[in-house]
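The structures considered in this document are given below.
Look at the two complexes coming up: chain A is in both, with chain B in one and chain C in the other.
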Partner chain A sequence: MKANLRSSKTLTVALALVLINVIVILISLNTGSLRIAPLEVVRTLLGFGDNKSSLVLFDYRLPRIIITMLAGIGLGISGAILQGVSRNPLADPGIIGLHAGASFGLIMFVTYFHSLNDKAALLIPLFTFIGGCLTAFIIILLTYDRYKGILPIRLILVGIAIAACFNAITLFLSLRLDEDTYTFASRWLVGNVWGRDWIHVIALLPWIVILTPIGILQSRKLDALSFGDSTAVGLGVSVLRTRLSMLAIAVALSSASVAMVGGIGFIGLVAPHLARRLVGPRHQHFLPVAGLLGMVILVLSDTVGRSIFQPNAIPAGIVVAAIGGPYFLYLLTKTK
Partner chain B sequence: MNKQLLMVFTAMLLLILAACGQTSSTDSKASDTKTEKDEPKIASLSIHLTNDLLALGITPVGSVVGGELNDFLPHVKNRLKNSTKLGPAKDPDMEAVIALDPSVIYIDEGISGEDISKFKDIAPTESFNLDEGTWRDHLKAIGKLVDRTQEAEDFIADYESLTSEVKTLATDELGENSKVMAIRVTAKELRVFTTKRPLGPILFDDLGFKPAAGIEELDSTQPYEVISQEVLPDFDADAIFVVVNSDDKAQTAFKQLEESPIYQGLNAVKNKHVYVVSDQPWLDYSALGNKLAMEEAKKLFSK
Partner chain C sequence: MLQTPHLKHLNNRLHNMWRLLLFIFFLAGLIVTLVTAVSFGAKDITFHHVWTAIFNYDSSLTEQQIIYELRLPRVIGAAIVGAAFAVAGALMQGVTRNPLADAGVLGINAGAMFVVTLCFAFVPSISYSLLMVFSFIGAALSTLLIFIMGASVPGGLTPMRLTVSGAVIAALLHSLSAGIAIYFDLSQDLAFWYAGGVAGIKWDQLKVLVPVIVLTIIWAVSMGRSISLIAIGEETAMNLGIKVNLIKLLSIIAAVILAGVSVSAVGSIGFIGLVIPHIARKLVGSDYSFIIPMSALLGAILLMLADLGARTVNPPRELAIGIIVAAVGVPFFLYTARKVGRDL
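And now, the complex of A and B:
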């Protein structure tokens, strides 16, 4: 009975979020240097718009919004998985050091490939993923205990330390870049949605579309983990293997997202929190909702960042932090 | 609990809607800039091309801005009051370009060459390779396109006569065959300019200074090279042009340099042949930029 109630509630929440998403996306499509009325947006999307509107919408706004949506989902789910794996509500791909690793990967990429627009762009998520894996590997190495497996609590502390180290290396490498690349890199590091072409959509899409369902399908195992390692073993879950595979999915999701939208923190932290409050702690409910929330937050932040301070857009990461920070504090003081 | 969340989302949505309202008011006037009917509506994707156009008396309807300044260059700012800012050249605001509905787009091949097809989707696009030839060639090419060849010739003639004036003044001050170098002090590093634009052509070709020892050996495909203070004496320059950024850090860095014994031991410093110039218009390698720089040079040498 209770389970059914939860399921139907999840469905309502999910539907509500989808609706909010549609509204936010329409507003976002309407926002930019060239103003297109909402009705005109819809008409253009259906293929009846004039040349100018369709050029703006299809070549410039749509790819950017799709990238933001995908990255939002990736970051939200990645954060949710990490919190499940580490059994710690503070886990977030940014805090745990994955962003730092991904940044390192990106800096390596710009150092060797320079160009970010042609086919080479497809490789960017791969580089950030390798960077993310590298940090994850080091973190696991340092948190692994021969008898107890990966120690969830240590995961975060080690992650913070590793993040600091990698940030230092990244900063050092970025100082050696020429001015323009440096400007790009520094904007990227605070979370700037820079991917704006269809090629970037293609680079990001497979990662999110393939990995998100895999993550959600594993939610039962995450539920088992949340009871504690020994109970999970009792329930027939191979703790170490689950932890590693889920970690890999989280790393891949966050690294690929970060590759296109920069080191945006907080979404991975806030989205799962909100989701848990909305639909409860069962992963099969709260993973998808966390993804949807991540999407809403990121698209919203990017739109706000692009519109309020026109013509100088501020990076979405800063908006996320500006809105997310205070809200999170409020959340912490409210829940004892 | 859910009500609170609902509130938060409503607040967020309101914020966005408010933001949308704001955009409508700001950019409405952008596109109806005053241009005469027969003049093409030019969107310039290079600050230097913008200033070439201004030299011909044409105001582009929109132009990119200086990347560091995030604004039009200071020496032409008041002439571009009615022009739309199109963002930095490296990352132009494409929607603003589309919104302008230009009749032609001018781009610098070196910066925007990769994206030329994107511009062509918006309007006919003229691509200029600013690394080829001097600003005179660019100016003439533009003059042809906008049917102002005579203005281009006049502008160049003016510049040449001004240059020969400054040349005499400079020879009086520095003597024949003086060896010159130009450096730039930024917060981070010390740079020496090569024979390439922005400063190579005006100093070594137009004003006819001899490059100081080693300048010609520098990589002439790059505008500058980073050097350490210790090698400054090796260039053995008779006169030094110093470009100092206006930010405090660069100013402090220059002060530190001025106090260093190496700097004070330089011949040019001892003979008071150091010319501190601002980054703009000197680093604006365009018809207008070089003209203004030359006018400043006249003042520098007639002191």
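And now, the complex of A and C:
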């Protein structure tokens, strides 16, 4: 009975978030240099719009919006999984160093491929994923204790250090780029939604669409982990294997998202927290809600960054950090 | 084995001798490093020219010009800033009793950088001494933020919490700085400065930098005894008649001055303040009257060497100095974090 109540609440929250998202998108389309009024959007989507609106909508605005939504989902869920795996409410793919690794992967890609728009773009998530995996591997290697397994607290300390290390390398590599690429990279590193072609959507889509359900299907194991390692073992969950496989999913989700929207931190932190407040701590409810919240936050930040600070757009990552940073500090003073 | 008072006395004297020897050794090391750092570079210059450039400067000779106008201020700058970051770290570690404390890790440098970025954006023609003051204010504000947070957490900030909150404050301020830089199109100008560069130091800057840093370090050394007692335990220190809160406040102010002023000159160079005090402690024991000057010496040597490395690895291109320091500092941080993590 109670479970049903929870489920219906989750459904309500999810629907509300989707609705908010649609409204934000409509507002977002109505700002910027090429505005489309909400009614016009609906007409164009149904195929009755004039040539200009459909060109702007389908070729410029829609891919970008879809990328933002997908990346928001990826970052939100990735953060939620990381918090579950590390049993630490302060874990976030940015803080833990995964973004730094993914950035390193992207810089390697830019250095060797030079182009971001052709078919090569499909490889970008792969490169960031490899970068993310490399960092995750190093972090796990340094956190792994022979007797106690992966220690959640050490995970974060080591993550911070590894992030500093990879940031230094990335900075070094980016200083050697030519001016245009450098401008791109510097904006990308702070979190800029740059993907704007359908090819970028195609590059990102499979990662999110395949990995998100896998993550949600495993939510029972995450629930078990949250009771503590020994309880989880008692419940028949293989702690180490679950932790590693969930970590791999989190790394893949965040790296793929980062590939298209840059090193946006704090979403992976804020979204799960709000989600937990809304629908409670059970992962099968709160993972999807965290994803949806991440989507709303990122779309909103992107809209704010682009429309308020005309003519120089501020990358979404900075807007997110400006809101998420203080929220994180607030959490830090509250959690025990 | 029991030690007789006499033996203890002898032991103490030996220990003092050992410390004195260490100081002499590293002072000599400092001078050797200084001369080496000045002589080597994209263009190698003989020792003779170095000598005459310093004591008998002749501006008509290119070699001497390179030494006097380019290398000397840069090397002295690296030394003084290295000393400042190291001492700032030692002070923070002493009074917070946190082995992971460092001006870079705690976000103090990021605070200074944030305000400096604001200055670049709104008053690009600002004079250097004013920039330094603003940089100090930025450092002070972010420090204040961390300590307010520490006060609002029941039970205070554990090393782990302090480090995480510092990292977040650094990330936040860094993001905001980047946003300002992008909005005002400062990105390229600031990039090298972010990476930490002693290349741009001029004599004018040194004229302000050196006295401020040297005086602050002397001030810090004079507080050394009290800091050592605080580092042992606050109650012990209080029972011995030390005004714990006052000393803590003064030490943190000194650390903020050192970090803030240094950032205004070279940008953020993290991890020196983390690594050096640990090494100094290994060498001279737990008395901060010795740890602080030893940290200053070692920090100066390390940053001069890092700068020399940055200049000579791939000449005439230069590596960012922050990268070399991070390459040394990160493994050390991990090692320390592992040790701290064991107690958690």
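One rule holds for everything that comes next: the second predicted complex is superposed on the first by the 324 of 336 C-alpha atoms of A that agree within 3 Å, B and C clash if a C-alpha of one lies under 4 Å from a C-alpha of the other, contacts with A are read in each partner's own complex, and residues count from 1 in each chain.
The criterion applied here is as follows: contacts are C-beta pairs under 8 Å (C-beta built on N, C-alpha and C of every residue); 3 or more make two chains touch, one makes a residue touch a chain.
Predicted model, so just to flag it, every value in this text is computed and none were measured.
K.L.:
Regarding the shared-chain residue A:G265, is it in contact with chain B (first), chain C (second), both, or neither?
P.N.:
So A:G265 only meets chain C here.
K.L.:
What is the contact status of A:A322 with respect to chain B (first) and chain C (second): first, second, both, or neither?
P.N.:
A:A322 contacts chain C only, not chain B.
K.L.:
Examine A:T183 and indicate which partner it touches, taking first as chain B and second as chain C; both and neither are also allowed.
P.N.:
Both partners, chain B and chain C.
K.L.:
Give one of first, second, both or neither to describe whether A:L142 is in contact with chain B, with chain C, with both, or with none.
P.N.:
A:L142 contacts chain C only, not chain B.
K.L.:
Applying the document's definition of touching, compare chain B and chain C: which contacts more of chain A?
P.N.:
C
K.L.:
Output check: A:T333 vs chain B and chain C. Expected answer is one of first, second, both, neither. What do you get?
P.N.:
second
K.L.:
Which positions of chain A sit in both the chain B and the chain C interface?
P.N.:
In chain A, positions 183, 312 sit in both the chain B and chain C interfaces.
K.L.:
List the residues on chain C that touch chain A in their complex, please.
P.N.:
Counting only chain C, the residues touching chain A are 100, 105, 145, 149, 152-153, 160-161, 163-165, 167-169, 171-172, 175-176, 178-179, 182-185, 187-188, 191-192, 194-195, 270-271, 319-320, 322-323, 326-327, 329-330, 333-334, 337-338, 340-341, 344.
K.L.:
Name, in rising order, each residue of chain B that touches chain A in their complex.
P.N.:
Residues of chain B touching chain A: 1-2, 5, 8-9, 12-13, 15-17, 19-20, 22-24, 26-28, 67, 70, 85, 87, 90, 93-96, 98-99, 101, 114-115, 118, 121-122.
K.L.:
Which of the residues in chain A end up touching chain B in this complex?
P.N.:
20, 23-24, 27, 30-35, 52, 55-56, 59-61, 115, 117-118, 180, 183, 274, 277-278, 300, 303-304, 307-308, 310-312, 323, 327
K.L.:
Residues of chain A touching chain C in their complex?
P.N.:
For chain A paired with chain C, touching residues are 90, 94-95, 142, 151, 153-154, 156-158, 160-165, 168-169, 171-172, 174-175, 179, 182-183, 186-187, 189-191, 265, 309, 312, 314-315, 317-318, 321-322, 325-326, 328-329, 332-333.
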